[in-house]
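These notes are about the structure you will find just below.
Going by the order they are written in, the chains are A, B, C, D and E; count residues from 1 in each one.
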Amino acid sequence: MSADANFQPKIVVFACENSGWLAAEHAASLGLSYPERVELIKLPCSGKIDVIYFMKALEKSDGTMIMACQQENCKFLKGNVRAAQRVRQTQNLLKEIGIEEDRVGIFYLAANMGHKFVEIVQNFYDKMRELGPNPGKVIK
Amino acid sequence: MKAASKLQRMCESGNFVVTGEIGPPKSCNGEIVRHHAKMLKGWCESFNLTDNQTAIVRLSSIAAGKILLEEGLEPNIQIVCRDRNRIAAQSDILGASALGMKNVLCLSGDHQKFGNHPTAKNVFDVDSIQLIQILDGMRKGYFANGEQMKDEPPQLFIGCAANPFADPFEFRVTRLEKKADAGADFCQTQCILDMERFERWMELVRARGLHKRIKILGGITPIKSVKAAKYMKKFVAGMMVSDDLIERLEKAEDVKAEGLQIAIEQIERLKKMEGIAGVHIMAIAWEEKVPEICQRAGLAPRPEV
Amino acid sequence: MIIAERKPIDEILGFLSKHQKVLVLGCGGCVTVCLAGGEKEVGILGSELAMARSKEGRPLEVVQKTIERQCDFEYLEGIRHIVKDVDAILSLACGIGIQTCAEAFPDKIVWPGVNTKFLGVNLNVGVWAERCQACGQCVLDKTGGICPVARCSKSIFNGPCGGSQNGKCEVDPDTDCAWALIHDRLARLGEVDSLREIMAIKDWSFSRDGGPRKLVREDLELESGK
Amino acid sequence: MQKQKVLVLGGGVAGMTGALEAAAKGFEVYLVEKAADIGGWAYTYCCKATDKCAKCSACLVPQAKMHVEKNPLITVFCGSELIGVSGQSGSYRAKVNTNEGQVTELEVGAIIVATGFKPLDAARKGEFAYDREKNVITGLELEQAIREKGSLTAAYGEVKSIGFIQCVGSRDLAFGNNYCSKVCCMYASKLAKLIRSELTDAELTIFYMDFQTFGKDFDEFIKSAKEDDKIQFVRGIPAKIFGFPYDRLTVRYANSLTGEAIEDKFDLIVLSAAITPCEDTQKLASMLDVETDEHGFFRVTSLNPVGTKQPGVFIAGACQSPKDIPQSTEQAKAAAGAAVKFLVV
Amino acid sequence: MENNTRIGVFFCNCNGKITEKVDFEPIASEVKKLPKVEYVRESQNLCAHLEGELICKEITKNQLNRIVVVGCASAKEEGFFKEVLNKAGLNSHLLSMVNLREECCAVHEKSAKSAAKALELTKMGIARANNLEEVSFGEIPVNRTVLVIGGGLAGLETALETAARGFKVILIEKEDKLGGRLARVNSIIGVDHNPADLLEEKVKAVTSNPTIDVRTNTKLGDLDGNIGGFTAWFVKDGVETSVEVGAIVAATGVQTIFCPVKYGLGIADNVIGQMKLERLLADGKDFTHKRISIVIGKGTEAFNLPFVIAVKNALLLRKKFNATVNVFYTNIKVGGDNWEKMYTDARGAGVNFFKFEDNIEIVANNGEIIVNYEDPFLKGKMPGVFKVIADYIVIPEELVPAEGTDELAKILRLELGPASFFSVDNAHILPEMTSRDGIYLVGSCQSPCFANEVEISAKTVAEEIFQKLDADQVSTELTQPYVDATKCVVCLTCYRCCPHGAITIEHGEQFKNLYFSAAQMNPLACRRCGICASECPGKAIQLPDYTDDQILVQLEAMEVLP
C-alpha cells in the first residue's frame, strides 16, 4: 500500500505500569525484539490516558496506542474501561478530519506477557506501514 | 344553547349512535371526498373529517366538511392543537360554523415527528382540553380572551377523544372527566382492540357517573390482516391489541372476514354495555365495508330524529 | 445549566478556511461542566484543527485560551491583547458567550464552535436531559416539580395525551412521558386530585413569544432612574 | 526496645505476602527459600486471559516479587534451608544453611511456615504414561511452556486435539489422597479456554469426576466454556494412555453414560497432578513441634486457621491444604497479622 | 527554584550491557548542549553502593536539583536512586529514569536507528526532569474506631480481631440480638464446637470487651467521608445519631430462600430445607430409622457451601439415627479442606448418592415423598425412571445476599457484583477489599463461605485496617492528585468518575475561584490511578509524577519526521 517501501512509522505507546510497561520489560528479559521507532511513555494506569495525549502524540507520530490491563483486571477497576472510551473518542475525532482511525488503538495484556507485547507492537507497526505516513502530522 | 346537529339529536334521543370517518386526500381532489360521501351516505349520523392526520398534509377538514354538506351528509370537523394557536383555532371555528358545520372534535394532534414534515415547528399553544374550554366559551358568546361576541355565537356540538389504552390507566378516566368539565358533549374512543381493558375502563367511568355527563362512542376498527394487528400492538403508542384477537386472526382461514366478524361482535357487545351511547367506526382505507358492518351489526337503517 | 455540544468539525473547518491564526476560546462556565468547551475541549479541538489543516497542507496556528466566563464583558476584556494578534476567534461558549464575545470585539470575526442545545441536567457522565425552557412563568407549583413545557413533547398542560404508554412518550420511547411522571409523583405525594382541575391557558408573552426578553431590576441598578 | 524479627519459610505467594505484610508493620523479616530464586510455583504460571481477564491472579506474582526485592526490611536467603530450631515461642534461634554452604543463626520471635506444595509425580500414575510419552505433560509444565514460549503452538507445534485429565492423584485412595486438590478444575478449564482462543478448531476435552468450581460467576465461566468455546466435558477418568499411533496418543476411557469403552486420539495430554505436601513437611513439623494432618499437610487449630499448637508458629498457603493464589494471599495476610499480634502483645 | 533548574544526567552502562549496543559519547555531547543540563557522567554500575555515595556528592557539589538516570528502570533501581536523592537532601520525586536497557538495548541491534532512539529517550527523560515537582509528606489525623455492620459470626470475629489490635469498635446489628445464622444451626463444618456454645462464648467476649460498643436494632442510614474520617448515621427506632469512624466492615451475611414450589411441592412438615433441618437437629428431633431424601444442586451450583452442608447432615443423619439417607446430586463439590474425606466417610457409612442431570421429579403423596429421577450412568444399561420413597425431603435453598444488601451498597457507595453479592475489588487480589479503602467485607456478604474462611477473613481485615490506621496520625506521601482551584468549576465529573469514592467537594476561602470550592482527593482513599485528572474538563487536576506537562513535554522532545 505504502508508496515508500522504506517508510518506518513512528509509534508512541502509552503503557500502564501494571501491564504494558512490565510486559515490555518481560519482552526484554526474554530477548525479544521489535522495531526501533516505537517509544513508550509510562502511565500509572491506562485510565490516565487523555484524548489530548493521543492527539499530541499523533501530531508527532504515525500511530499511537494505549496498553492496558486485561479487561476486568484493572487494578483501579475502571481505568481500562475509561481508556477504551477515550480511544473511541479519539477515533471519532480522527474520522471527522479524514485520518485513519486505526492510527489509535487500545490493546490489553498482562505483566507477564512479553510475547504478546512484541506481537501487539509489531502488528501495529506493520499496520502503520501499510497506512503510510500520518497526513495530520504537524510540522512546525 | 347547544347546536341542533343531527348527531346531537341522536345522542339526546337515547338511540344507539353511529358515527363514521372519512380521511381527506393528500391532494386538492374533492371528488375523492365526494366518492366516499356517496358510498357512506345514510349509514351513519355524522362523519369525522380528520385534520392532517398523523401530521401529514391533507385537504383541510373544513373544506372537506363543506363537500359533505353538499352531498347531504353531516360532518364532524376534527381540529388539532398542533397546527393552530388560539387565534387560528377560533377563526376556523367561526368559518366552519358559517358554512353550517356544527360538530367539532378537539384533539391534541399527532406529533409532527410521525408525519411527513418532521422538522416543522409545532404550536401547541393550547392543549385539547383548553381548546374544548375555548369552544365552550365561544358557543356561550365569548372569545378566549373573555371578549363578548358582537353577533350570534356559533352553535357547536363539542367532541373529544379518549384513549383507555394509554397510561397511566386510572388517570385516563380523570382526563375524560376533565374534558367533560371543560364542556365536551361527546367522546369517541381510540379503537378498541382489547375489550377486556376497555371494560375495566368503562367500570371506572361508570363509577364516577361520567357516562351520564358525556356521550361515549366506542371506537371500532375492523382489522384487515394479522400483520396490521401486530404492527399496531408493537409500534403504535397508546394502542393495545389483545393476544386473543391476534390469535383469532391467525387461526382464521379468511382473515379479512374474521376481522369484520370481530368488529361486528364488538359492536354487539358495546350495544349491551352500560354507559355506551354508540359506536364510532373507523374503517381506515376500508370505508367500503362500513355498510356491511352496519348492516350485519343491526345498525341499519338509521332512525330519524 | 446550559447544555451545549461541539459543532461538527467540517462546519468549523469551513468557518476557519480563510484564516491562518485563530484563537480557540473556551469558557469556564456551563460549557466546561457539560464537557463541550472547557480547557480540555479547547486543547482537543486545537489539536484536531491543527492536524486537519496540516493534512490539507495549509497549516493553521492555534492559540488556546479559556476564561472564567464568556458571558461577562470584564472577563473578555482580559484577553484583548491575545485577540488582537489572531485572525478570528472560535468561541466554544454557549450562544450567550459567543454573542458577548462578538460584542466585546467588534472588529474580530467570532465563529461559534458549539451548538447550544438546551437548559438541562447532568444525569450521568456523558448524559444530559432538558429540564427548562425558560418560558418566563413557572408552572412547577402545579405539576409536582416536573415541567410540562420543557419535558412534554407537545408542551400540553392537561396531559397525558393519548400516546403515553408505560410511562414513555410516543415521540421517543427513550423519553419519559412528562405527564406520566407528574401523575406518578403527585400520586406518591397524595396530591393527584389536583390534576382534576383544568390547567388554564398559558400566557406565553413571558416566553420568547413576547419578543426578546430583558430583565431590568431598578432596585439593583447602579445608577437607577437614569 | 528492639523489635523481634519474623522468619518466613518459603518464598512463594504465601511466603512473599507474609513477608511483605510483616515488613509493612515495621518488622524485619528473614525469608528463607530453598530454590535459587523466590517466586514459587505461581511465578511460573502464564496469564490465562483471552479477551477478558480470567482472574487467574498469575500476574500478581511478579508484582509481589518486585515488592519483596525492593523492600529494605526483608532479607532473602535463596537456596537456603532451615536445619534446626531452638528456643521457644517468642525467642527462637533458627539455624539456616545458606547457599554459600554456611550456617547462619537467626534470632526470631515468630515463624511463618509457607513452604507450599509439591505436585504429585505423575509418573506414579503409570497408566497415563507420563514418564514414557513426551506429549503427556502436567498442567504446571503447560503453564510454564506457555509463559515462556508465548503460545501453545510455539511450545508444542501443531496440535489438533488436547485432553485434560483431572484428579491425577487427587481424590485417590490408592495414593491415600482422600482430598480434592481444589484448584485443578478451574485452572484446567481456564487453560482450555486460553488454548481455544489460540486454536479455534482444535478438539479440547476435559476428563473429570465432579466439577469442583466455586464462586459467584464460575458456573457462568464453565457454561461459556461448554457453549461458546465448545470444550467437551467428559465425566470419567481414562483408564489408559498408549503412545500410538506414531507421535500421537490413544486414550482409552469409558463412556459414563453407556459404559462402553472408547478410544480417542490426542496430540497432547495434560495431567492435573494432585497438590501434595512437600517432602520435608514432616521433618519441618517435628523440628518446629507442630502437627500435620493425615495427608501430611500442616494442621491448623480448629478456630484459628493460621495458628498451630506453638503460639509463635503460623501457617499460610498450600502447605496447609490446596489453595489458589487469592486464598494463599489471604491466609498469608492473616498469618502475618497473627504473628505481628503475637510479637506485639 | 523554577528559574534555577540544574539537571544532572547520570549514565549507567550496566556493566557494559548498555554500551555494547549504544555509545554514550554522542548522546552525552548532545545532552550537554541542552539548556539547564549542568552535569553529565557515565559509570559502570550506577546502582552499586559506592556509586550512590558518589552521586550524592556530585549533587551537592554541582547544586543539582533534578536527576536523570539513564540506565534501566526496574523497580528495584528506582527505589535505590530515590534513596540516594533523599540522602543528598533532594526530594525523591525529582528523579527521572530513562529505561535504556529494556526499551532499547535489550530489544534492538546496534545501529544508527537504535542510537537515535537512545538519544531521543534520553531527551524525553531530560524534558520530563525539567517539569518535575516535589512531593511532600503529610500527617493525616485519623479516627481509630471501626464500625462493624452485622452481628453474626463474621461480625463478632471482626469485632474481636480489631479490638485486639487496639481499635475502638462499634458493632451494629439490625435484629434485637447478636448471633445471625450461627444461632440457628446445629453444627458447623470444620469446627468441633457446638454452635450454641461457640456463640455464647463469642457474644460474651464481645459484650464484655469494654472497647466494643454493641448496638442492636440499629441500621446504617447514611455515610459520609472517607477512610480515617467517615461519619456514619445510625438509625435506631427511627432516631438518627451520628458517629465518627475510621473504617467500616460489612459483615451482613447471606439469607436462604426456601422455595418448595420450585420443586413442585407445597408447604408440609416433611418438606424442609437445610436450614430447617439444622434447626430440627438442634432441637433434638428424632429421625431414627427415617427415610430421608436430600437433593443438592439445581440452582445452588455456584457455591460449594450447600453441597458440603448436605454431605455433613447426610452423614450425621446416617450415623446418629441410622436413617436411610439418599442424596441426589448434580455435581459433588467438596473441594478443599477435609470435605472430600467427609464425602467418602458418608459413602462408607451407607449414605446413598445418586446423580441426576435435569430429570428429577418430586411428588408428595399421603405423607410420603416420592423422588422420580433418571440416572445418567445407568441410562445405557437400565433406562427408565427410578423411584425412591422417603419420609422427609430436604430440598436446596437458594443462597442470596442478606436483605438490605443493595440498600447498604448504595450507602457505602459500593457496586454489587455477580448474583448481587458485594463486589470485591478485583476479586483475585483480596476478597476482603472493596473499591473503597477503609471499607471491607468479611464473611458471606461477598460470597457464601465457611466458618474457617470467616476466621481468616476477619483476621485479614483486622490486619488490613491495622496497617492503614496504625496511629492517630497517619503519615503518607501526598502523591494523590492535586487540584488547581482557580480552574476547578466544581462540575463533579471527577467525583462521578472516581472508582474509589476518594473525591469530595470542599468549600472554603482558600479556594480562589468563583465558587470558593474545589474537588479534593483524600490522600488515604485515593489510589493514584489518575482517572480524575484525565476526565477533568477544566484541566484543573494533576497527578504528581504524571502531570500533563511531564507527559506532554516528552512528546515535544520527540522529533517529527514527515
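Here are some notes:
We adopt the following convention: a residue touches a chain if its C-beta (ideal position, glycine included) is under 8 Å from a C-beta of that chain, and two chains touch if they have at least 3 such contacts.
Remember, it's a predicted structure, so these values are computed and weren't measured experimentally.
Least step count on the touch graph, subunit D to subunit E: 1. Listed here as common contacts of subunit B and subunit C: no chain. Two chain pairs, C-E and A-D, are weighed by contacting C-beta pairs, with A-D ahead.
Each chain gets a centre from its C-alpha atoms; the one nearest the centre of all protein C-alpha atoms is E. Per-chain CA centroids place subunit A at a distance of 64 Å from subunit B. The centroid of the Cα atoms in subunit B and the matching centroid in subunit D are 78 Å apart. Subunit A and subunit C have Cα centroids lying 36 Å from one another. Among the residues of subunit D, those touching two or more other chains are numbered 55.
Counting partner chains per residue, subunit C has residues 40, 43 touching two or more of them. Among the residues of subunit E, those touching two or more other chains are numbered 74, 429, 497, 535.
Every pair of chains meeting the touch criterion is listed here: A-C, A-D, A-E, B-C, C-E, D-E. By the touch criterion stated above, subunit A contacts subunit D in their complex at residues 18-19, 22, 26, 30, 69-73, 108-116, 119. Against subunit A, in their complex, subunit D makes its touches with residues 46-47, 49, 51-53, 55, 58-59, 62-63, 147-151, 154.
Against subunit E, the residues of subunit C that register as touching in their complex are 28-29, 32-33, 35, 38-41, 43, 66, 68, 122, 124-125.
On the side of subunit E, the complex with subunit A involves touching residues 73-74, 99, 101-104, 106-109, 111, 113-114, 116-117, 120-121, 124, 425-426, 429, 435, 497, 499-500, 527-531, 533-535, 543, 545-546, 548, 551-552, 554-555, 558-562. In the complex of the two chains, the subunit D residues touching subunit E come out as 21, 24-25, 55-57, 60, 66-67, 69-70, 171, 173, 178-182, 185, 210-220, 255-260, 293-294, 302-306, 321-322, 325-326, 329-331, 333-334, 336-338, 340-341, 345.
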